[in-house]
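Given below, in the form of structure tokens, are the structures.
Two complexes are shown next, each including subunit A; its partner changes from subunit B in the first to subunit C in the second.
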Partner chain A sequence: MQVSKMKINCENLTARKINEAIMQSSEKIVCENCCGQRYIGAASSGKTIEIEGISGNDCGGLLDGSTLILKGNAQEGLGDTMNAGKIIVHGHCGDICAYGMRGGKIFIRDYIGVRGGIHMKEYGDSKPLLMIGETAGACLGEYLAGGTIIVLNRRDELDPVENVGVGQHGGVIYVRIASSDERNYEDVVDGSEIEAEISEFCEIFKMDKEKLLHSKYRRLLPETKNPYQGYYCMN
Partner chain B sequence: MRNIYALNEYEVLRSDRCDTCGVCVKQCGYGVHYFDENHRLCVDEMKCVNCQRCVVFCHAHALKIIRNRNEMHHNDYWSERERKEIYKQATQSGILLSSMGSSQKQKCYFDHLMLNASQVTNPSIDPLREPMETKVFLGKKTRDVSRDENGKLILKDEAYLKLDVPILFSAMSLGAISYPAHKSILEAAKECNTYYNAGEGGLHPDFFKDKEHVIVQVASGRFGIEKKVLDACAAVEIKIGQGAKPGIGGHLPSNKNTEIVAKTRMIQQGSEAISPAPHHDIYSIEDLHQLVMLIKEATHYTKPVIVKVAAVHNISAITSGIARSGADIICIDGYRGGSGAAPTRIRDHVGIPIELAIASVDERLREEGLRDQVSLIASGGIRNSADVVKAIALGADAVSIGTAALVALGCHLCQNCHSGICNWGIATQREDLCARLNPQIGKQALVNLIRSWTYEIREIMGGMGINSIESLKGNRLMLAAVDLNEKECEILKVRYAGE
Partner chain C sequence: MKREGEVRIPAGCAIAAIFSKDGHLVDGSRIITMIQTMHERSNGLGGGFVGYDIYPEYQDDYAIHMFFDDLTAKRTFESELFDKFKVFKYEEIPTRQNPGVVSSPLIWRYFVLPLEQRTMKEEENFMVATMLDINERIEGAYCFSMGKNMGVFKGVGYPEDLGDFYMLEKYQATCWIAHGRYPTNTPGWWGGAHPFSLLDMALVHNGEISSYDTNRKMLEMVGYKCSLQTDTEAIAYMIDDLTRHHGFTLEECAHILAAPFWSEIEKMEDGQKNYYTYLRKNFADYLICGPFSIIVGFKDGIMALNDRCKLRSLVMAENESTLYLASEESAIRALKEDVDKISCIRASEAVIYKRGEKHA
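And now, the complex of A and B:
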């Protein structure tokens, strides 16, 4: 049953059946009528999967190279331990997205819930990217060990993130500063440093990139490579 | 601040048999033995950790290491150890860091349980003449029997592990222990038809081809976990906790993150490798279920999922939850379990004994009708074959051994793994030290150990009149308590000796 763009009607299928169908399908797949099934596209590679309706938790978990395009919102655990590939969300996303992500890119048009991008890390050439159009909930980028997190703050919120980058020991986080925000921040750069990422984001979601490029961003880098110096005493 | 109160823990005694050949100088990675500018052989006792390497390698048998005979003012309450640890923290400041399992003198329940043997009735079995089954299957047991139209059984096995002996090797990461130590354990697991557990530091690519004998671990740091690795194993273990340090995460310092470790963990060389205390995607049994099912989905339901937890106060309720999460096997690690580095206070004071944990878990799962839905692996301080038999009689399906395996590889329990210097080539990443452990010899030592224990287990079972591990499992009648109180017997579900 190989067709160029295979359609899977997910209405009465279990997650297992959907993933079996994805495995047996051609490269381009449309999952229609999703209603909360989990693990869609989990650990898959080499596919482009459009997801219509509502995808469930752990969508794209352990993703290994496929491209997932979510036409709706994403739930919890998006791209858990993702290794490679791309996830695009035309909407917002729940908690714990990109946990332990090692490679690939995640683009979320709107906002994300709490605990986004925890313990993202990089290895060799693979540097993960998590890009959020609006705001992020608490604990974004906790334990960040590598990769890049960008919060575009498109709605110009005064505090688009909270408790960001606790325990960060690698990687970099950029948070766009609202135009009305007059506070002084330690490390501020303009959008040109992340022009490639902003351009890709705006192209995907058909947005104007000029404003974002000419904005100011807080840049968060790890304070030290060895955050545990002086924490231990050899016994 | 320099610790001016620090004394040498050990005295290095050199007899006149010494011919100053200098082997001790070469063998000591700590620099205890050295030649001074006049080529005199000298000793810096402050550096000695009593790993016994120089003693074993001294061909003249000229060396002895003893505890420092100096005595601090005697006080039964404020022991020397307590005072020395205060001096350390007062001068250097920080969390006290130790290695291996708790060395504290606490009650060991294995030592208070006596094994049964047949006399007159129900005769004992001679394992040299009669078949003895030591095979164990770990995983969910099929509940319902169904037949097709011809009356033939429909076999729909869940994914399971098959072991020739009821002993697995515990999870120890590459980082905590060396590559040759990993290689030795994997090769031994292949020969003994059991399993090697790669630990939370990922699976080295050299070991991908031996997937039938490999268990990989998914811990909170998610190190080295990708589809390729999940495909290269027989089972996947989700590590929630570890007996040596329940409730806290792990931390591999940047100096131990060498090229080989970084490659296996799939992180940047020289960076800190931090495992957060919790999995941030697991805050409930439902969340655990989600991760268990994600792993099953990613491996197409071909592999059993193990969930490893430390034995803590509410362990029976915790395992009851895990049994409902879809996990196939639960590994419970008692407080005597080892570690490459753990805060001293947590290692010595957090958790509960494995004997009590396994007995109460087995009981709870039976009460709730869940016991056949999960297998139990007991670990944390299993020292010999009698401990294996007792753990199984208390309700485990199998045990896993870590410290015992390392001792077989030459570890002398100096408990200094956190220094990264191991003269036996086990708990180190230093190339010159790693080269000291020959994986061929290491493998043979482990195979010998497992074989010896298996012979002993068969003898013990034969004596009981039991001919399979399956009939020993949870068989409390084979145990009798000595010097335990009523409450202890009640939790262990063991009758008092002579009762």
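And now, the complex of A and C:
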């Protein structure tokens, strides 16, 4: 039996009412006329939620297995401390997305603001993935402790990231190098290493993956097993 | 009317603006819709608006907006005002009852020109000095707006309630800027709400300044008194000082207030490097540290600016006739207007519009 999509008209509904309606709905849900209500889908599991309009801050915070599909842009705090599930954004995303993310996947079609993926972490099979189609603002992956961040730099910007991976002590960051960029980077790989991720991203957003697969990527790994040795005290 | 205590107020607020690029008029209900959408960013302890070109029938006069604690304060103020100014009209600012707005002071406006003729620059200095002196000296009287053909409307309450209280839907403006306040350390008071305004410049601010004391000491050296104990006041005075006394453009102002890091200046080409080095070295005390996003209104123009690390959210959108700014995209979407572009404003990127031309 095909499960029909349950529609929630979010106009004039508070964030609490929307989330209550989501909890009581079938697996597939469409939130229509959303306009800035916060915490949509927060901590939910087992649902597929399409969000039309603009979702508010902390959308999908603590997400625990649901799939969120944002038809517009995302505001600040997307997927804060997300545990499992998937968030897809058909647009750009504001600041501090994927903060402390512990599992699941976030796919952003366009760019993200500053401080994305700060202190993402992994444990056992829980490995978070943050994937960005264009560029990322400053401090991407600061204190990264685990998981994967990929910046596809689809518009071929010379500097698609800044201050990336400061204090990284786990996980891995890939940043696609613009075709016009002739600088030398330490650790460069091609797209085959992240083929599965690129394929999933391109399938979601209906993009051609060939160019991305055959591009060069900077790969950022933590410098040592103990990156803060000697930083705060000398022993 | 209780003034702010001895501590500064850090704030997590909402800011929004509608700027008509072609000069068409927008009624105040639109900006209320924007700021209301971001209700959760305020806590009911302050809100305010500024509208430009709202007093066309008195466009050449200074529109003085006043709060009074009582009739004594009002009488003292008026006796001084009538001595120094020609008063073309004065009236109580029309308000309607709103359950969310309580214990309001007496709120009056005066359309005036100084009796004594002065050059434009001297007249502006006279206006600022007179009004700041009144705020300092006359107990229970507070001037919160003094520009020509513009006016600030603010108070304690949620911004949408204050917009209703002041009946802003009856005003037509070419530019609206709004603020919803979330002070966390002290009770708000009517004068401490945003916008802060001097002459035709009005400022709203989301954030807090960690360089407040450095900025304040410098401002006191050049003659401003930071009497309100709020950081936003300091930004307003710095912009006033830089534009009016030093003759800087708003773009140059932005380059001083949110100057690039030395590490960025290092990488610049010579011309640019000299320019930024000059500004940083000579105007070091005007640098604002800490998180902020501000919107500054002035005659026929507007500026939006973020701090150097982009620690507060600020979104812009535009179409052919209008520029929209807001802390959250939802505030712009709530207007249900067609907009061509919608984007996040970057760290220390000044978005400046003057009617008829764009500088970015």
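In this text, the second predicted complex is superposed on the first by the 227 of 235 C-alpha atoms of A that agree within 3 Å, B and C clash if a C-alpha of one lies under 4 Å from a C-alpha of the other, contacts with A are read in each partner's own complex, and residues count from 1 in each chain.
By definition in this document, contacts are C-beta pairs under 8 Å (C-beta built on N, C-alpha and C of every residue); 3 or more make two chains touch, one makes a residue touch a chain.
For clarity, every value in this text was computed on a predicted model and none was experimentally measured.
When the two complexes are overlaid on their common chain A, residue A:83 makes contact with subunit B while staying clear of subunit C.
Touch criterion not met for A:165: it reaches neither subunit B nor subunit C. With both structures placed on the common chain, the touch criterion links A:191 to neither subunit B nor subunit C. In the superposed model, A:57 lies in contact with both subunit B and subunit C. Set against each other, subunit B and subunit C touch different numbers of residues in subunit A, with B touching more.
Of the two partner chains, subunit B is the only one that A:230 touches; subunit C does not reach it.
Of the two partner chains, subunit B and subunit C are each touched by A:38. Taken together, the two complexes place residues 38, 57, 76 of subunit A in contact with subunit B and also with subunit C. By the touch criterion given at the top, residues 35-36, 38, 53-54, 56-57, 72-73, 75-76, 92, 94-95, 113-114, 137-138 of subunit A touch subunit C in their complex.
Subunit B contributes residues 85, 88-89, 92-98, 218, 220-222, 225-228, 230, 251, 253-254, 262, 266-268, 270-274, 276, 280-281, 290-291, 293-294, 297-299, 301, 344, 418-419 to its touches with subunit A in the complex. Listed in rising order, the residues of subunit C touching subunit A in the complex are 37-38, 40, 309-310, 313, 315, 328-331, 333-334, 342-344, 346-347. On subunit A, the positions that touch subunit B within their shared complex are 15-16, 19, 38-39, 42-43, 45, 57-58, 61-62, 64, 76-77, 80-81, 83, 96, 99-100, 102, 115, 118-119, 121-123, 142-143, 145-146, 167, 169-170, 225-228, 230-235.
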